[in-house]
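Next, two complexes with chain A in common: one pairs it with chain B, the other with chain C.
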Partner chain A sequence: MTQLQIFGATVLSVVSLLGALPAFSQTPEEKGFDVAARSDRSDRGFGDSEAEMTMVLRNAAGQESSRSMYFSTLEIPDESVGDKSLVLFSTPKDIEGTALLSHAKILDPDDQWLYLPALKRVKRISSKNKSGPFVGSEFAFEDFTASELNKFSYKYLREEPCGDLQCDVVERYPRYENSGYTKQISWVDTTEYQIRKIEFYDRRDSLLKELVFEDYRKYDDKFWRAHRLSMKNLQTNKSTDLVYGEYKFGVGLTDNDFVKGRLSRLR
Partner chain B sequence: MKDTVRQLILGWLPALILVAGAGNAMAADSGWDFSGNTALQLRGFAQDALWPEQNSSDAEVSVSGEWEVRWRSDDGDQRASFIPFARWDENDEERTHLDLREAYWAYEGDPFELLVGINKVFWGVTESVHLVDIINQTDLVEDIDQEDKLGQPMVNLAVQQDWGLITLYVLPYFRERTFPGLDGRFRAPLPVDWDDADYESGAKDKHVDMALRYSHYFGDVDVGLYYFHGTSREPRLLLADNGRELKPFYDQIDQVGLDLQYTQDAWLWKLEAILRDGFDETFMASVAGFEYTFYQVNESDADIGVLLEYQYDERSSQEPLTTADNDVFAGVRWSLNDAQDTAVLAGVVVDKKTSETFFNLEAERRFGDSVFLELRLRAITNSEQDEPLYSFSRDDYIQLQLSRYF
Partner chain C sequence: MDRYFEAIDRFSTQMTRAIIQYRWLVLIAVVVMTMGIGTGMSRLEFASNYRTFFSDENPELAAFENLQATYTKNDNILFVLEPAEETAFTNNTLAAVEALTAEAWKIPYAIRVDSISNFQYTKAIEDDLIVEDLIIDAKDLTREELQSRREISLAEPLLANQLVTPTGTVTAINVVLQYPEKSLSEVPDAVNAARLLRDRISSEFPGIDISLTGVSMLNNSFSEVGMIDAGTLTPLMFLVILVMTWLILRSLAGTISVLLVILFSSIVGMGIAGFFAIKLTPISMSATTVILTLAVADSIHILISLRSLLREGLSKVDAIAEAVRLNFMPVTITSVTTVVGFLALNFSDSPPFWHLGNITATGIAAAWLFSLTLLPALMSLLPVRVKKIHGREWSHIAMTRLADLVIANYRKLLVGICLVVVAFIACIPMMTFNDQWVEYFDERVEFRTDSDKALKHFGMYPIEYSVPALNPGGVSEPEYLENLEKFVDYLRTRPEVIHVYSISDIMKRLNKNMHGDDQAFYHIPKNRELSAQYLLLYELSLPYGLDLNDRINVDKSATRVTAMLRKVTTAETKTFLTDTKQWMAESWPEYMQAQPTSAQVMFTYITDRNIHNMISGTLVAIVAIALIMILALRSVRLGLLSMIPNGLPLLMTFGAWAVLIGEVGFSVATVASISLGIIVDDTVHFLSKFVRARNENGFSVEDSIRYAFRNVGMAILVNTIILIVGFLVLTTSAFKMNVDMGLMTILSILFALVLDFLFLPALLLVMEKKRVITEDVQPVAEPS
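Then we have the complex of A and B:
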């Protein structure tokens, strides 16, 4: 190594140190928020999306049952308002056509309507039930609707390897009411900024569930989507896998596709 | 003979179900979708029938099938639906019947939709009585809870705006309410000759009825408001000339209906009200109450909901008979939130003045992927001879229904 190279390396490391300095002055809370915001904003601009999903429910004895449904989402770019989403069930056949429409809010309760096809009835439902199971699965309602950045406050913990990647480990605390969790610990990779794993801690602050995100695929060169989400309840040994089909983006969905009056016109 | 029929049905039904179940290979995302269900229903009655000509059997077997054919165009703008329904009942020939629940074509533009054909429409928010729901006629032979409806021919235009949904219904043909026959349970002392009705309108069942409805939500409040002009879905039952039957008479009515729900925390506050210019007067009726849910009771996955509703109806005895005139409904809903969607709803409706009481229990659970079992228990107590439910007072029953979906 020549003198010049040593000089150059020194300059570089000083510069990179300087560059890193603002991060040192950040509190863990700020850094945690930044990691979450970077992850959330990597998805900004997707507009709308549709996907089919199969939910496989497994009880402690390993017995399986499954449900299939069709998911569509409309992005609301304003971070102070949540996205709109629609779930339409296709199996089990006795609930075929049942649909759930959600207008997510940040801290206020979400607006939710349920459509019951046998009576053709639209029912506004209470969204207080954040921590209850979603259609008998190990996913709670809040696990689907609480992906909005500002629904949590954050705290940065550490960086560590996660599989082949490096991950930022960030603790997050629900800011909305009626959550079943005191905290969640999330692993967000430092390459694509996607969530790889979440641990959920119950109201007694003991580890309740673990959610692993797998089979990430990139759409339109920008948007990452996990196609396999495996949730395991560590207290009951029950588990639920969500297996997604291909996503479609830019389908042309509008606000009018996410109104209660459309629920009876979905099939 | 009847026993032979019963054996035949019980013996052959599983095979029939299997055959019907074989047709489910059609992919949901293609243009066509075939589905439906076949069901075996068993009813057991606690007492002998009240009226002499009613069937003396304390058990009743019936079989039903509903087949759904749906289509959507490649661009998604057009869809069609064809849903025939059929029931065979061993005792009551009027309950053995066939209906087209849906048979329509619809074109979806933005922001409107046009639908032409037979369809089913539900309006309302309350649980104990569906006061504002008026588009479809009740298929009363199916169930006395009046939640089963006959398909209604219509031209329907729906326009969605930021400020709400406007729907216009033109209803060119009227469906007569079905009633149990001479052999059937749940009937008045005389059977209703329901397919020979009289009408106030000279156009009879060809009178073109109209309805216009607005629905939307404002924050936590959901609201629906409509105006209906046309043939009353509720008949007055008059003694026929032969003196051996009742004849339905359908008046022309004008009706305004309102439904409101305020959703706050775990509370659902509900109101339905109608104002009807009926046969000989203008009267109002309403039902109001709440549903409060305790979520994840005792740290389980189960929810328990508590329901309370008050029913009021000021109509005179000249108008079609109602039981929901001054009654309190109290109920409990227990949802296990398990993979089998197990749920139980139990309730009583008590008339405040006469103490006439209607008890109802409904329980349901899925077995495997496609078999659904429903249990119903219904009973009437404290019914005196001059009260509206007296005719059904010895029709307490338990019903088991096993449905196979495909």
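Then we have the complex of A and C:
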């Protein structure tokens, strides 16, 4: 081998090594996205689902109040478009039959319609705000649609134990301009790829709320659903628990069930 | 009797001789003890919450805390923007509002920001409900758009008078904060951020005057005013004492010793406060000044005696021992009575006064100890020179003349002073009570000047009501909402109300919006479900931080109504509260009756509460002090008699204050017990000398009076001057409660001096002569 050949071979091997390196040392941004995507994709293909949900609100003085509703979701496979959802309130009695239809968008304001039985009319809500409290709870509407992969950009932080499991800790930044948050930190377990906890940071970048996901159950051997979501506002000491009943999958919902015209005929 | 005095005399002489013998040991022990206790001072921190003025048992505070737990906290910072132009609706000013609103979210602990720019304006276009910020991209708004924003703002009941003046010239931004209440630096952190923001916006948008006020600014001002006071009062006090002691004693050794005694006393007072984790307030801070003033008296009495004894030719050690012996009883008694007076402050309803009382009482106890230990030790160490003076001093002559004058005219004095006292007492009802927290601070404090500006345009005294509905969700009941609307209408007719915030206005607007913005539907919805569903809809469209959780409770069984009052006095607030209570009783069903609550309500009732409590406190102090006098003088009669010259100055002070100033805050109630403990000293000194002359020397009443005048007249006068100057220093405080307390104490000390010199001898003459006549059939010949 000539010296030149040796040099050439060395260069080649170094270059090939460099090319292989990124596979091991992704940027934290890429790794964060991957963790989120793996979690999102673990849920892919559920089609549609229905569940009854009870919301328990608690204020700083310890007073409680609850609301219950049906939650239907229609999966939209295209990742650049959000899912469609329908909330039908059953209690308190004053708002029984009130129905909220949402077509989630990724970066634009969601399309939302509300049917008011007392007025017998459907009203479209034109608002950029998704960050306000959902029916007085500590959940914002954007917290429900937070599983949309492309709503955030990501950064991987670390791996650490979370309860009995190991978790990837990923920071995510809302891409929607009118979000109420500057960032969220999510804990995603490394076994089932489910979100176990989220911390929400306000515009000041200080910790605002903490959401814990509990009582995960597996449906159809594939789809994990948490049945108890506890949100605590750490600044006001108010809290809200969401308790889900059994989920039903593949109930045959279609796009036609998620149109404005259906709202008044739900009861 | 004799044995009692002898025992004390023997004890004090022996003690002083022992102290002089082991003076280095005493000195080291005192220094070590003081430094040890003084380490506690490092734990002292300024309170940063007006709530420290209220005890945990205060029912108004409890009601207010409950309201805040149900809705949201009430701590706020209010930015008031006053542009140079005639209107706030210009591109420049609105851009400033927009920028300030966005940035204000970043103030630490801010949970809500309200302004005319982020006001959630709702309108209807066909079946669309549009909810958006009232002002977006202010820089690019056209003239027509500016005009329409102005009209909307001025017509909106939630904005007009609250965040914008009715003429549209001045606008405000309200930031609500919720502190975790874990560290005392939270409030200063938020305030500093707010000030930086103000400075930034001011330089970015010139021509807009920005004032900062609100509860957080008030809270921060308590520590700021404490800093101002600490920086001025204490140094001034030391200087004043230095000068006075020098003038009185003309002795370097004496002056140094006195300064050390008072310095150590105040270190002990504040050090103990630190160990008990007392939060400093401007009130408790004034303890330093008070200790310095009162601690000086003990030493001065001993040193004056020492000087005359040295002049008489006694050796230094003998003179020191004799000076301590002569003063041991009076110094002890006056210290005990003063401590009792200050401890009586624990009866107050306001913790800062407990702290003032306890810190001062500790300091005075320390001053007593140091005057009897450290002072003799120091004086024996330091070189003391005295000029020998032959013949009587001028003060002796002046005091004897005064005594003769009083004895010759005692009947006239008795009648004359009685008349004056009655006249003063008759004036007391003219006194009015007023506690306006803005005015607690003088113009040196930024909060005061800024709040004065803000108060010209907006209200700052909110009264809150949590109005219950019949059941959960009941706030949507038409009857409830219509009653709420009636109340709002009534409140708006009140001259003292500047703004009312209630969900009834929101419901009316939503009803209009839901009917295509038809003005005919600007009324309360006619059925419960409709209102409930409107609320649901409205809540779904509100952004982060601007929700209704601060207006409606969690199960929608009560809402909050806020009446913002303009600048009102305590009396006006009381009238308002009574009238609204009556209105509710007449106009509302039983279940809706609501109690008013807020800082203003708390301050309105704390005067009554404090006076009520302090009357018992002062009575206990009077009884305790009378008992001490009876024991000390060994005479029930004289002890009881002493209550007259001790009690009357207090009443005269209140009367004089009513005439001279007229208005007073809740601190007044505490002045009585403080003054009592102080003014009693003069009586103690005078009567103890009088008793000594009567019993030991067997003098006649007149001669005993002369003896008392000659021996303590000058000391009483000097003491009074020291006290007056000391409390004068307190009146330079930037905190009005301290100023009032200082002035009132000065008045009572002056009155006490007059009564002790002119009235007490006259009283003694009348009483003692009567006794002599009843005891002996033959009247005793009067000495010439």
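In the analysis below, the second predicted complex is superposed on the first by the 242 of 267 C-alpha atoms of A that agree within 3 Å, B and C clash if a C-alpha of one lies under 4 Å from a C-alpha of the other, contacts with A are read in each partner's own complex, and residues count from 1 in each chain.
Simple rule for what comes next: a residue touches a chain if its C-beta (ideal position, glycine included) is under 8 Å from a C-beta of that chain, and two chains touch if they have at least 3 such contacts.
Computed from a predicted structure; not experimentally measured.
Q: Mind checking the superposed model to see whether chain B and chain C fit together on chain A or clash?
A: With chain A aligned, chain B runs into chain C, so clash.
Q: Just checking: does A:77 make contact with chain B only, chain C only, both, or neither of them? Give me first, second, both or neither.
A: neither
Q: Could you tell me if A:261 is touching chain B, chain C, both of them or neither one (first, second, both, neither)?
A: Only chain B; A:261 stays clear of chain C.
Q: Examine A:120 and indicate which partner it touches, taking first as chain B and second as chain C; both and neither are also allowed.
A: first
Q: Please indicate which partner A:204 is in contact with in the superposed arrangement: first for chain B, second for chain C, both, or neither.
A: second
Q: Pick one for A:161: touches chain B only (first), chain C only (second), both, or neither.
A: Touch status of A:161: no partner.
Q: Under the stated touch criterion, which partner chain does A:111 make contact with: chain B (first), chain C (second), both, or neither?
A: Only chain B; A:111 stays clear of chain C.
Q: Under the stated touch criterion, which partner chain does A:93 make contact with: chain B (first), chain C (second), both, or neither?
A: Both partners.
Q: Answer with first, second, both or neither: which of chain B and chain C does A:59 touch in the superposed model?
A: In the superposed model, A:59 contacts both chain B and chain C.
Q: Could you point to the stretch of chain C, among 403-411, 511-519 or 583-591, that collides with chain B in the superposition?
A: So the stretch of chain C that bumps into chain B is 511-519.
Q: Show which residues of chain A both chain B and chain C reach, each in its own complex.
A: After superposing on chain A, chain A residues 57, 59, 65, 92-95, 119, 121-126, 128-129, 131-133, 135-136, 180 contact both chain B and chain C.
Q: List the residues on chain B that touch chain A in their complex, please.
A: Counting only chain B, the residues touching chain A are 24, 28-29, 33, 35, 37, 70, 72, 79, 81, 106, 108, 110-111, 113, 120-122, 124-125, 147, 158, 160, 162, 165, 167, 215, 217, 222, 261, 263, 265-268, 293, 295-296, 301, 303, 337-341, 366, 368-370, 372, 403, 405-406.
Q: Which stretch or stretches of chain C touch chain A in the complex?
A: Residues of chain C touching chain A: 66, 69-70, 72-73, 105-111, 127-132, 178, 180, 472-473, 476, 514, 527-534, 536-537, 539-549, 552-556.
Q: So in the complex, the part of chain A that touches chain C is made up of which residues?
A: That would be residues 57-61, 63-65, 89, 92-95, 98, 100, 112, 114, 116-119, 121-129, 131-136, 140-141, 178, 180, 202-204, 206, 235-236, 238 of chain A.
Q: Mind pulling up the chain A residues that touch chain B in the complex?
A: Contacts found on chain A: 52, 57, 59, 65-66, 90-96, 109, 111, 119-126, 128-129, 131-133, 135-137, 180, 254-256, 259-262, 264-265, 267.
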